Amino acid sequence: MTDKSVYIQVNDLGFSYPDGTEALKEINFEVIEGEFIALIGQNGSGKTTLSKCLNGLYKPTSGDIVVDGLNTKEGTIVQMVKRVGYVFQNPDHQLFNNTCWDEVAYGPRNIELSEDEVKERVDEALIVVGLPEHLYGEHPFFLSKGLRQRVAIASILALRPKVIIVDEPTTGQDIKQSLEIMDFLKNLNEEHGHTVIIITHDMPIVGLYARRVIAMAQARIMADGPTREVFTKADILEKTFLAPPQITQLAQADPSLGFDPGILTVDEMVEQFKGLAK
Amino acid sequence: MTSVIEIKDYTWKYLHTKAPALNGINLMIEEGSFVGIIGPNGAGKTTLAYSIDGLVPGQYNGIKKGTVNVFGKEVEAYGTGELQQVVGVVFSDPEAQFTAMTVEDELVFGMENIGLTIQEIRERLEWVTELTGLGDLLLKPPYEISGGQKQRVALAAVLAMKPKLLILDEPTSMLDPVSRKKIFEVLRILKTEEDNTIVVIEHSLENLVPLADQMILMSDSEIILQDNTSDFFKESGLLLEKGVHPPGALHFFHELSRQGLYDGDYPLTVEQGKNLLRQITQ
Amino acid sequence: MNKTLLGYVPDESPIYAVHPFVKLFFLLIVSLFPMFVSAPDWNIGLMVVIIIFMWISRVNMSTLKIYVPVAISMGTIIFLSYTVMGGTHPEFELLARVAGVNFYWERIRDALVVYFRVLPMIFTMVFFLSTSRERDVIVAMRSIKVPFVVTYVFAMALRSAGMVLEDFHIVRQAEQARGFDPAGKSLPYKIRQYVMYMVPLFALSLRRSEEFTNALVARGYAFTGDISKVKRADYILTHYPYKYFDYIFIAIIGLVFIALLIFRYGFGYFQVDQSWLIGLLRDAVS
């Protein structure tokens, strides 16, 4: 097994807003290169605040975060953006330019790359997200939500951050669109080596894609571990007001029946059922 | 049983699109029923909801063929504002629906529009506040409450007008699981205690399925499947093909069925699923 | 703390007991006072009275510091337009001639009069806005039977301002997340930043306005047709009953105004030549 390095170190992080609300308390964890993490929790649990601390948008009130050797309190905007990318939930909040091509170029131009480099990165990013070429010159406003989201992701990819944080990738999408965007993120993770962190409360999606789950409630981390493991901790999940996917709940219904409580998909459960029936 | 909605051969094409948004829709919904409409994005579900409330063609330009009858009258035959007194719509974006300065003003806005007296307003305000649990929030402005609370306000504001037909267009798509449950809880109470006809468009099947009497599947501008809930999900193959994933418990039993390992009704809730599981593993 | 249009006023402030209509009445009538009063002494006195009212209402007095630069720049503009732009008037008394500009006594006197007329009018407006929550302004307008459409548009404008501010913060963060760092950059660069904000804010408003219009229609609101002629119950007014002191305040404000008119036109009070301050100044420059 390759020894992957720790890319992000979060040490005793605390964050309070200017008006005094404590949004994060005593947060400790590490992110290793190549992980696929789901950050879950109720609205208001602190998950969005935490992710904004990870990319330097917010500076810790106490404790610190070290990304690739750089403390977020000291890093400049340009330095942070090359390391951790953040895709906002509503693509409309982050589309500033008149054409999709310029939109994706916005980031690389901000970090002052040569026009040749910019062109190379933009072309690459747009191919990776699968945006049809005839849309390169179109105004992002007129695209469908799914395509706008892709342009938003491409614009972050063009900065080539090792870590990509995506805020609520599946909210408002139908199942097919959700799976498409998640498959795409999975590809980014497995084929292109990006570390992916998704912020979500869509439990079935978490079960299908995330290898590690960090569950938050009331400004703290309640659980942190492999997906199956976290899903079996029913009492802790209860504190986050989130329930595991229905299929997992079914498997956990009655321990005496013999199903693995960490079941994540219908197929797994069917297989186990057949195994138990023998 | 009178039909509340009667749609015949209805086709609608928005002015600037190439293909019609709705193509040859035939639909009949009876009074008092709870209907769920599901399907991929772009199937025409929202356009259908808007057609029933007169927003299409009222607010949009396009070409209409066929008829859309609500409470026995064509949608276009109603005067301005008349249809809205009997049909209530809750939209998916909590932000965009807040039309007043405070929660209380929001609840009262619709009632004032239809000309109720102060006494009537007071009574309905109390009823709707209790039903949706908004008592503590009455004087708060929209920017001080969460998305889930805003949706409850939107639902309450529409209910205060006591519409006989209630349409909800993806009411919980922007909400977290807890807020989602709260909305469906209100719908459950409405179903058992009141006599509205309720139509819900949703992606979140696990909350919808236990409540719906009837389910409709839409895809590519057409209605592909329409049946009572239990029989509807026997067609899970078709559903999966169209990108609809039944709730986990139901899906499991369908898979078992498909592989010839189970031969009975599908559970509509996790609880039913658990019970069934115990039974069949005995 | 309650958020008013220009700041915050604590919950226990006595101003909340006063019916919003009284506040509006105060604004409308008292801001007329300076129009009939030329003598700056009286107008300065009015300003002091209004400041005292603000203090009684527990308005955060330190916010008044914001208006000092406004007052100074306004005074400068008025002074300049009455002197530098004043032109040549041989019928006036020339006090001095500096760098080709004529400084006439009458002009300077008039500048002072105008300045001290405008200041109390602004202060009355500041007082009203500092002590009125959004709801108070709506109620005040409804109580004088302003058409519903107007109050509604006003309320929505206030609300959109709040929403745009929220969006603005998120857009700013989104820019930062794309490596946009305004620190140490030139002014044209920063101006470009503000122009960039417009795009997403505009896009968001456009998207919301369609849904908002649909929501309005779905709530039975119509701008035209029979339905719009329905008599509205104005439920919000039930929270604001008039109390005895509201009537007393209204009467006092009205009577003071009438008294002012009587003294001004009947007895010739408040004229410039009677002003103690102007007299003092006159002696100083002679």
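In this document, chain identifiers A, B and C correspond to the written order of the chains, with residue numbering beginning at 1 in each.
Going forward, a residue touches a chain if its C-beta (ideal position, glycine included) is under 8 Å from a C-beta of that chain, and two chains touch if they have at least 3 such contacts.
Because the structure is a prediction, the values reported are computed rather than measured.
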A-B or B-C - the one linked by more C-beta pairs in contact: B-C
Greatest separation from subunit B - chain, by CA centre: C
Whole-Å gap between the CA centroids of subunit B and subunit C: 46
Geometric centre distance via CA averages, subunit B-subunit A, whole Å: 31
Interface residues, subunit A side, partner subunit C - complex: 52, 55, 57, 76-78, 81-82, 85-86, 88, 90, 92-97, 106-107, 110-111, 141, 155-156, 159
List of subunit B residues in touch with subunit A within their complex: 39-42, 92, 146-148, 170, 173-174, 176-179, 203, 206, 243-245, 247-249, 251-252, 255-256, 259, 261, 270, 273-274, 277-278, 281
Touch list for subunit B against partner subunit C, complex: 50, 53, 55, 58-59, 79-82, 84-85, 88-89, 91, 93, 95-102, 104-105, 108-118, 121-122, 125, 141-143, 154, 157-158, 161
Subunit C to subunit B touching residues, read off their complex: 134-135, 138, 155-156, 158-159, 162-163, 166, 208, 211-222, 224-228, 230-236, 238
Subunit B partner contacts - residues on subunit A that touch it in the complex: 42-44, 144, 171-177, 201, 203-204, 241-243, 245-250, 253-254, 257, 266-267, 269-270, 273-274, 276-277
